[in-house]
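To keep things simple, chains are lettered A, B, C, D and E as they appear, and every chain counts its residues starting from 1.
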Amino acid sequence: GCGGEEAANSDEIKIGANFEMTGNVANYGTTTLEGLKLAIKEANDAGGINGKKITLVEADNKSDPAEAANAATKLISDDKVVAIVGPATSGAVQAESQVATENKVPIIAPDATSPDITVENGQVKPFVFRGCFIDPLQSNTMAAFAANELKAKTAVIYLDSSTDYSKSLAEVFKNKFEALGGKVVMEEAFVAKDQDFKATLTNIKTANADIIYIPAYYEEVGKIVKQARELGITQPILGTDGWDDTKVVDIAGADALNNTYFITHYTETDPDAKAFVDAFTKEYGHAPGVFAALGYDAGKMLVDAIKRAGSTDPEAIQKALAETKDLQVGTGKLTVDENHNLIKNAFIIEMKDGNKVLKQRVTPTTAEG
Amino acid sequence: MELLKTDGVSKVFGGLKAVSNFDIEINEGELIGLIGPNGAGKTTAFNLLTGVYQPTTGTIDFAGKSLVGLKPYQITSRGIARTFQNIRLFSELTVLDNVKIAYDSHAKYSLVESVLRLGRYFKEEDEITKKSLELLKIFKLEDKAYEVAKNLPYGAQRRLEIARALATKPKLLLLDEPAAGMNPQETQELMEMIRWIRKEFGLSILLIEHDMSLVMGICERIYVLEYGCIIASGTPEEIQKNPEVIKAYLGGEV
Amino acid sequence: MLKINDMNVYYGAIHALKGISLEINEGEIVTLIGANGAGKSTTLRTISGLLKPKTGTIEFEGKNIAGMPAQNIVKAGISQVPEGRRVFAEMTVMENLELGAFIRKDKAGIAKDLKMVFERFPRLEERVNQQAGTLSGGEQQMLAMGRALMSRPRLLLLDEPSMGLAPLLIREIFSIIQDINKAGTTVLLVEQNANMALSIANRAYVLETGRITLSGDAKELAASEEVRKAYLGG
Amino acid sequence: MNSLRKKDIITLILAIVLFGVLQFLMAERIIGSFWELNIFLVCVNIIMAASLNLINGYTGQFSLGHAGFMAVGAYVGVILTVNFHSPFIVALLIGGFAAGILGFLIGLPTLRLKGDYLAIATLGLGEIIRIVIMNIEYVGGAAGFKGIPHNTTFPWVFFIMLFTLFFIKNFVNSKYGRSCIAVRENEIAAEAMGVNTTKYKVMAFTIGAIFAGIGGGLFAHCFYIINPSSFTFMASFNFLIMVVLGGLGSITGSIAGAFVVTFVSAALASWPEFRMIAYALVLILLMFYRPQGLFGYTEITSLKIFQRFKGGRG
Amino acid sequence: MDFFEQLIQQLINGISLGSIYALIALGYTMVYGIIKLINFAHGDIYMVGAYVGFYAVTMTKMSIIPALIISMVVTGLLGILVEKIAYKPLRKAPRISLLITAIGVSFFLEYTSMYFVSPTPRTFPNVIDSLSLNIGSFVINGQQLLIFIITVILMVLLTYIVQKTKMGKAMRAVSFDTETAQLMGINADRVISFTFGIGSALAAAGGVLVGVYYNSIDPLMGIMPGLKAFVAAVLGGIGSIPGAMTGGIVLGVIEALVSGFISSTFRDAAAFAILILVLLFKPSGIFGKNTNEKV
């Protein structure tokens, strides 16, 4: 750690924002950043932390893991930030986490749901935190939902083979679903940024399974659901938090989305989230998506930890972060467990004529659900 | 002694028979002309002899061995060199480098030696440079050795092409319209040079040319090609009198 | 008809034409001779507008055309047969001729000139639908000339029309040039084959490394010792 | 002959002085970790650009698949260091060797293609390599290969870069290099001069691939993790940009190109929304004013200052 | 569905995907044909076309056909502008510098767009009712049909323009030998502008149709289709109009078959592998002329 002392003496607190601002997944990075900025703004408007203003130093990782490590190095060694929020995607977080560990600067990955972000070879990485629930929770819950609520016996998994996110979700789902007596009859894959899914969907149609599970992000999901319905696939389609964006309705169309279910971090109708949704809408003129919400949560988490640490020493902040308990953030209450995973509510949503309808509230007692 | 002999050589492009029954013989030290109307197949014949095209039928024997199936670079190493109808120099390189490349196939140092600058590298490089400069001197190009080839005047480029061909140490030299684009005075100088090269380097020359003053002036024997076939061969005097040649190529009285 | 005054042309830093002046009168055949790289093609290309002179004027029928874009110079009545023929190899003979008449709109006139070209070059009529690239060298030269005539030029610029041609064809081409001239087209002829060129020209200019060194009556120049030694090989 | 050697020795001394200065500045933390990392990247990029220049600039073969060879070297390298605990240098060499073999096997058939057709074929090969890696779970698939030791230190990158540059410089100044250049200038004439064009194309392609593989190995041991998305065709474009920006057929140019591209990108890191726009404008403007690249075909050693050291002739 | 039925459905999918590649590839091929430039910015022109169509539809609530036309005109003008500003000054420069400039233009279009419209995807309002035609067990979407028909019409129109009109002859002449074309009185600059305009307008048509069909557009949407279209153009023989069409359709069908019967993951790899194989046997693409130099 070569940044701590100097930063402690100045009257501002520098926080790094390492995000995908250009390149392939720039939309995820930039929207997460929007939420984060709002959280920081609110903290500053409320007088900052112990009288000090927070400055957000942004760095672009170009959607490339190597660049993410590079950007983290810059934030830590040049800008001397006390903590970093970001990146949005798991691969980039992985690359950054080594730099953070070596320099003893805490990072919070707002959207990274993969378990091995915080735990490696059974060892928790002390300086790496996350701002969301983890994949086992999502997939276990959805598998149980499929088997118990929808009484599904067979399933098709359609995953994005270019992201870690999708692959690890698919694996957990399959294990749980089969443990519950179901059978995954077909596994197909696409690649992020694809436009046309009809070829594979034609194949999936022939499998004629009870449900289709698509752990992926909204851009592709919207197109997949639309094209699936066009091809006459009428089964329920299940998904994950990557679905949660108003764009999914715009792209797929309200009709096509009927009979689809996904799990996510919050609902607009949830009283816990209302304050955040209103504030965000006021600030940006449009409703937040899930990335923005998680960016906001991560900001809240960090601000809270710095306050409790009572210092801007990165190691003190790290300690405070690890002790976060029942903290009210934008989307609800969260607690950090010993693996730096979050214990936090989740929501299964059903899409009905373009509206999100709360189907089931999940209140887990552990991070795995 | 016989150096080159072709038998029944033909070349078909799609449906077009560009060359058929192209039978010629060249002896050591001879200076032969190849003439014929435009599109008769003269350049194609050169391309067949140098391996740029493979003959559809026929055999080509050079110094007692068949050339059929060999690649151009292999034929070059057997001892046939050429110039091109449309000049093909390494135009961005210096005059000296143009000639050095032709000498390179005779250098022996290895890749490791060249990369680590060991052993034979410096010795052979110096020798190549020395020989190249000597050759350039013969062609009155030594003061242009470090100029880029494309900046040379046209006539100098033609000379450089011949010099470069000679650097491969050929036994047979093929010249495709060496006098094209030269005025009569320049053509006369070229004639002198061709005679001198033949003597000095002790090689055989086969040349294509439309300029009759050159062909009739220096060639010992002439082959005439029309529609891909040899229609006549003989000494310049015989060819000039041959009515078929007059009708097909020379036109009117010569 | 055409008057060039003190024209300088550069290729980047290379000073290719150094203060050239020359004149062509209506109805003449004027020839420009000189060694390789003397600047003959450069002169023609500048007249045609493919190159822009740095200084100097080119007056055509009283109008300065120096620096005008090439297509406007064609419209003004100057047409060039470029060095090396440059026919559009992948197009048919007919399409090449049509392109020659690109600037014209008078359908009837074009049809008439097409007939005229076919009369002059019967070989082309035989091969109207053949791809130009597959013609023999001499036929391509005829096509290039026919194509230039299709714009109905008053001044025709010919750049080495005999290059690479068999003796028989050279003779044919030269007699065609004379015919065209008799039919009323002024000709500026660039040639390596100086003997032939001087024999059909009215007047001649000698170009040496970008400068005009001699000029005068074609017959007189052909007879002059200096020219004979340098260009005629005698 | 002595003059050639003298020039080499002077260049070498200058390089070592530069190394000493940089090493000192890094040790004293006058150059912070961020710029230190970027100096590493410059060195890796110089290796990539110089080796691509051998293929594109000197031999005239339009290759757009360099990132693919880099990926092979990177992945083979990390498998060796992480899973087989082999020494770093062995991992680098075997990685380079693997990329070279692949380059050879791929080059033999594809180098028959010309110009843009070769470009798209090599681009496709690069993408095939990347997609295959993305689907091998053994190396982490799409998630990337994690837990790589940070073996790449400044002396490693610097001296390997120096070796690469000397190798390529000496190569192009030998009969081998001249034959490659002849292929670029005019294949038909080269064949007529006795140059086996296929052999030299494949040779240049293979050597280029070997160095790309070594560059990949160095790159992989910089960031703890490597991911297939670092080796897309965009990365190949980036190396091409370095080469063309510096000057096709100039080693000095490749150095300058790699330097400019890496540092422009690093210096603009704080203005993410304008970074790519500025980069695009720099590219376009440079091509306007120097379409032949910063150095064209010339080397810094043939410029005026260096002439003093020369013993009379070139 | 049995194997055979599935095959037919995959062919339908492939042809509809391929028509989009073809539409973009046509523009690639035209620009390549005339100045031998691989216009890497072409995919981004297509993206701009999609956005222009999007704003035309959302801001003025116009229907799809006028929006398509507006987008084609505006984007065509953008193409002309790009050529005038970025490519024309480099007409005599080495081709590779022009290629780098094209990459620069591509980045510029992508990231200025991103700056103004943000990187989040936009969704096209539903301007055409998507109706599915069920023929037996096959499904054809109305929009797929529309795209295919528009592509065929544009290709026929383009072939007519290039082969039969005076402008087309001028285009071919300029592409073959710019200087000699000028000697025929052809204004080469104008012809090149026209070509860029047409090529860009075609890309815009592709962009709008894709927006309508897939419903989602973003500033980087042009990268992959641009690359695919380039592959399609090369596959068909770059410079050839029927080649672009064929190449596009063939590529689409290959992708559909690989996705349907093997795996989408290897779709791009398979497409490239087939491209390379085709080139090894036919080095200048399916319709390409063998450009072996005459020696």
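Everything that follows uses one rule, which is that a contact is a pair of C-beta atoms (placed from the backbone, for glycine too) under 8 Å apart; a residue touches a chain by one contact, two chains touch by 3 or more.
Labels paired with UniProt names: B = Lipopolysaccharide export system ATP-binding protein LptB; C = ABC transporter ATP-binding protein; D, E = Branched-chain amino acid ABC transporter permease.
Nothing here was measured: the structure is a model prediction, and the numbers come from that model.
J.: What chains, if any, are shared contacts of subunit A and subunit E?
T.: Of all the chains present, those in contact with both subunit A and subunit E are D.
J.: By the touch criterion stated at the start, how many steps lie between subunit A and subunit B on the shortest route?
T.: Graph distance in the chain contact network comes out at 2.
J.: Look at all chain centres (mean of CA atoms) and spot the one farthest from the centre of subunit C.
T.: With centres defined by C-alpha atoms, farthest from subunit C sits A.
J.: Measuring between Cα centroids, what's the chain most distant from subunit E?
T.: The most remote chain is B.
J.: Report the inter-centroid distance (CA atoms only) between subunit C and subunit D in whole Å.
T.: Their C-alpha centroids are separated by 51 Å.
J.: Based only on mean CA positions, could you tell me how far subunit B sits from subunit E in angstrom?
T.: 47
J.: Can you check how far apart subunit A and subunit C are, centre to centre, with Cα atoms defining each centre and the answer in Å?
T.: A distance of 75 Å separates the two centres.
J.: Just curious, how far off is subunit D from subunit B if you go by their C-alpha centres, in Å?
T.: Taking the mean C-alpha position of each chain, the two centres sit 40 Å apart.
J.: Using the touch rule from the top of the page, what residues of subunit E touch 2 or more other chains?
T.: Answer for subunit E, listing residues that touch two or more other chains: 111, 114, 265, 268, 295.
J.: For subunit D, what residues touch not just one other chain but two or more?
T.: Subunit D, residues with two or more chain partners: 134-135, 188, 273, 275-276.
J.: For subunit E, which residues are in contact with subunit A within the complex?
T.: Touch residues, subunit E against subunit A: 1, 6, 9-10, 13-14, 16-17, 111, 114, 118-121, 123, 126, 130, 132, 134, 139, 141, 210, 214-216, 218, 220-221, 223-225, 255-261, 263-265, 267-268.
J.: Any idea which subunit B residues touch subunit C in the complex?
T.: 35-39, 85, 153-155, 177, 180-188, 210, 212-213, 248-252, 254
J.: So in the complex, which bits of subunit A are touching subunit D?
T.: Answer in residue numbers: 2, 21-22, 24, 57-60, 63-66, 69-71, 73-74, 76-78, 90-91, 94-95, 98-99, 114, 120, 161-164, 167.
J.: Spell out the part of subunit C that touches subunit E in their complex, as residue ranges.
T.: Interface residues on subunit C, with respect to subunit E: 48-50, 69-71, 74-75, 79-80, 82, 86, 88-91, 95, 98-100, 102-103, 147-148, 151.
J.: Which part of subunit E faces subunit C closely enough to touch in the complex?
T.: 166, 169-170, 172-173, 176-177, 179-187, 289
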